[in-house]
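These are the structures in question, set out in turn.
One chain, chain A, links the two complexes that follow: it is found with chain B in the first and with chain C in the second.
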Partner chain A sequence: MRIAVLSGKGGTGKTLVSVNLAAVAKISTYIDCDVEEPNGHLFFKPEDVQEEEISVKIPKVNNELCNGCRKCIDFCKFNALAYIKDKLIVFEEVCHSCGGCIMLCPEKALTEREKVIGKVQKGTSDQVTVYTGILNTGEASGIPIIKKLLAENKPEADKLTFIDCPPGSACIVMESIKDADYCILVAEPTLFGVHNLNMVYELVKLFNKPFGVVLNKCIEGENPAENFCIEKNIKILDQIPFDNELGILNSNAEIAVRENEKYQALFSSLLETVKKEVQHETTSYS
Partner chain B sequence: MKIAIPVDEKSLDSNVCVSFGRTPYFLIYDVDTKESVFLDNSAAASTGGAGIKAAQTIVDNKANVLLTPRCGENAAEVLKSADIEIFKTTSASVKDNIDAFIDGKLPLLDEIHAGFHGHGGN
Partner chain C sequence: MKQLLILSGKGGTGKTTIASAFIKLANAKSYADCDVDAPNLHLITEQSSQPMKTDYYGLPKAEINPELCIKCDKCRQNCRFDSISVDKKYKVDPFACEGCGVCKAVCPVEAISLKPAVAGELMLYANEGEVFSTAQLKMGSGTSGMLVTEVKKQMKSEIVNANLAIIDGSPGIGCPVIASLSGVDMVLIVAEPSISGISDLERIIKTAAKFGTMTVICINKFDTNVENTKKIEALCKKQRLTFMGRIPFDSNAVKAINNGRTIVDIDCASGAAVKAVYNKTMKLLFEEGGGLRS
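After this line comes the complex of A and B, so read on.
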């Protein structure tokens, strides 16, 4: 069972929810797909960490073979190539590794070469297997790293896997939720929070994923994100209060469910709700 | 000598465009013949790498210098490889900047910014 946790912006509580769900599930896998700034490992402090570098293929030019036809330049949607003074220049950071220029070059002046863009780490924290994807600063796309993280973790029905997604609703998030069985959307109780919730709501609907919402940082009074869920008939899985104690635990990189009974109970109940939702979805689809 | 300038409109009375890579048009002004040519900037709507493509246009149109309020590092690399010098515009008016350049009053652009990459989302 693969559960993806996402939100339209950073700082809503994706890591809080996914880390604590993984920790409360005891035997589970946590995958940090927020490769631009992974922070789940700060909470889990995994041990026995193994590391693997991730490379992409980028074009390498042989200017003796290049005749300046510019087919590669015209093809590249990302403008990663320029032809200056009878020389083809490749802008590595701009290249998205599609390989199109290499396929098109009639003179075979372009070949592939490997370029390291980041790494994946695997470690353990109690009985949680912790995967972290790390993209090097300045690289165009973290998708190859996410692909590697998810390929290493084939979905298994009886294994609980929590995917901590990058913020937003761009390609990198789509890649992270693609094979998820269920999506948890985390939302803040503000109008801005509703705007961001709507982004991921539209995304999971587009992907036909079963989903529910966790309302985070809830305070007394009206909650625009709750109103949004009621209006759209979206399942509210749980409400996490705006709580000083939780804030302190979290900012000290402690895992709330391992330190505090109240949160142990809250996330256990959330986990049970999510499991039931997934089972319900599985039966209603089969 | 040919001067390239990013401009908001296809007119010598236009203002200099605040963006190099995503300017709608370029003016190529020939100092010797006083001839003006306006080019559409095909890079303006690019998903990414607009500066590189815009710089390629400047190179292909054989400009010797570029007058611009700012320029990103990838574009600057293309222009540098083509030996095109970059000068910083000091006012909004295209005409004033051409005159200032001819009088030797424009400074070289020495602050190359790191680009605004990825702000449109990928």
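After this line comes the complex of A and C, so read on.
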């Protein structure tokens, strides 16, 4: 059972929800797909960490073989190649590793080399297996790292896996929720929060994913995110109150459910609700 | 024209809240929202007219003509993005296709063509000598970096008599952030005093440094964790980054935003603090010709 946690807007509490759900589930897997800003590992502080570098394939030029025909340059849709002062230059940052230039070069002047763009770490924290993807600074796309993270974890029906997604609703989020059985959307009670909740709501609908909303940082009075859910008839899974104590624990990268029974109860109940929802969805879909 | 870009690394630290306050304080004539994934600045900057909308075409998408296809499988074997599948017919997944054109190049019977695809929408508000450029990326789309570049181009295409442009950036360190960094004079990072925030701050500082952009820092909601605030200030000192000030957590800020107003439109503690940050930033940007390079 794969559960993806996403939000559109940043800072609404994706990591809070996914880390605490994984911790309260006891035996589970947590995958941090927010490879640009991975934070889950700061909470779990995993032990026995194994690390693997992730690389992409980049063209390498042999300028002795290159005759300047520019076929590769004409072909490249990403403008990753240029012929400057009788020399073919590769702009690595914009290369998408499609391999087209190498395939087309009539002089065989281009070959491939591996370029490291980041890494994947695997470790454990109590009985939670923690996977973290980390994109190197200066690199444009973390998608190859996310692909690797999710390929390593084949979905298993009886095992709970929580996927902490990146913010936004672009390709990188889509990649993260691709194989998810259920999506939890975390929303905060602001005008910005609602606008971005609407975007991920459209995204999960587009991909036909069953989903529910967790309202975070709830304060007394009107909650625009709650109104949005009621209006669209969206399942509200739980409301997490705005709470200084929780805020402090979270800002110090402590796992709230391991520190305080109050939060243990809160997230246990959320976990039960989510499990019921997933079962309901799988039975009604099959 | 000096360009000030507001970034944060971590999401939700207050980029748009601070950008909108700066726009108000500066009475800015030129500004843009480069968070094309989740744009919010338009919600809080009053616009008196409707925007001019243009479709944004990202990279094209491959399409297979089943009548010409001889099922040789070459396209599927050579696609690096796993975007071609076969189930009786060969098909392209438009979300996975990056438009590289390799499939078209290997197809022996010219059954594949590259079709232009709309990947988002650009919006330009221009009135009374003021220009606001923004965009919305289509869901699940790639090429957000290219769209960011278009947003900035669009902002500069309208000639306005402005000496300052304020650009609201996106979270993270990837392609949209890298695209937004090019050509700006200064980056103001809005940091948050949490362990996660500090980790993300270090990553965005490194990213900005790779592009040689002058970087300054302020801390939002500093009083939610004073210990971590002190850690960030020490980090700035160590890395010789100019510190622009502390902004307190303020429930009035949420109220202002939810009413579509900036925090400097009302009398509140966070508004007063952001004014001080604004004055210091402008002084550095205009009078001292730049601070310490990171």
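Quick note on the criterion: the second predicted complex is superposed on the first by the 286 of 286 C-alpha atoms of A that agree within 3 Å, B and C clash if a C-alpha of one lies under 4 Å from a C-alpha of the other, contacts with A are read in each partner's own complex, and residues count from 1 in each chain.
Keep this in mind: a contact is a pair of C-beta atoms (placed from the backbone, for glycine too) under 8 Å apart; a residue touches a chain by one contact, two chains touch by 3 or more.
Keep in mind that this is a model prediction, so the values were computed, not measured.
K.L.:
Of the partners chain B and chain C, which touch A:236 in the superposed model: first, second, both, neither?
P.N.:
A:236 sits against neither chain B nor chain C.
K.L.:
May I ask you to decide whether A:87 touches chain B, chain C, both, or neither, giving the answer as first, second, both or neither?
P.N.:
Touch partner of A:87: chain B, not chain C.
K.L.:
If you count the residues of chain A that each partner touches, which comes out higher, chain B or chain C?
P.N.:
Tallying touched residues of chain A, the top partner is C.
K.L.:
Check whether A:78 is in contact with chain B, with chain C, with both or with neither, and answer first, second, both or neither.
P.N.:
both
K.L.:
Looking at the overlay, what does A:102 touch: chain B (first), chain C (second), both, or neither?
P.N.:
Touch status of A:102: no partner.
K.L.:
After superposition on the shared chain, which partner residues are touched by A:253: those of chain B (first), chain C (second), both, or neither?
P.N.:
second
K.L.:
Looking at the overlay, what does A:167 touch: chain B (first), chain C (second), both, or neither?
P.N.:
A:167: touches chain C, not chain B.
K.L.:
Contacts for A:140 in the overlay, against chain B (first) and chain C (second): which applies, first, second, both or neither?
P.N.:
In the superposition, A:140 touches chain B and chain C alike.
K.L.:
Output the chain A positions appearing in both contact lists, the one against chain B and the one against chain C.
P.N.:
Correct list for chain A: 77-78, 93, 140-141, 168, 170-172.
K.L.:
What residues on chain C touch chain A, complex-wise?
P.N.:
Those in contact with chain A are residues 8-13, 16, 37-38, 40, 43-44, 59-60, 78, 80-81, 95, 98-102, 105-106, 137, 139-142, 144-145, 170-175, 178, 192-197, 199-200, 203, 206-207, 210, 224-225, 227-228, 251, 254, 257-258, 260.
K.L.:
Spell out the residues on chain A that touch chain C in their complex, using ranges where they run on.
P.N.:
Checking each residue of chain A against chain C gives 8-12, 15, 36-37, 39, 42, 75, 77-78, 93, 96-100, 103-104, 135, 137-142, 166-174, 188-192, 195-196, 199, 202-203, 206-207, 219, 222, 224, 247-248, 250-253.
K.L.:
Which positions of chain A touch chain B when the two form their complex?
P.N.:
73, 76-85, 87, 89, 91, 93-94, 140-141, 168, 170-172
K.L.:
Residues of chain B touching chain A in their complex?
P.N.:
Counting only chain B, the residues touching chain A are 43, 46-50, 52-53, 55-56, 59, 74, 77-78, 81-83, 117, 121-122.
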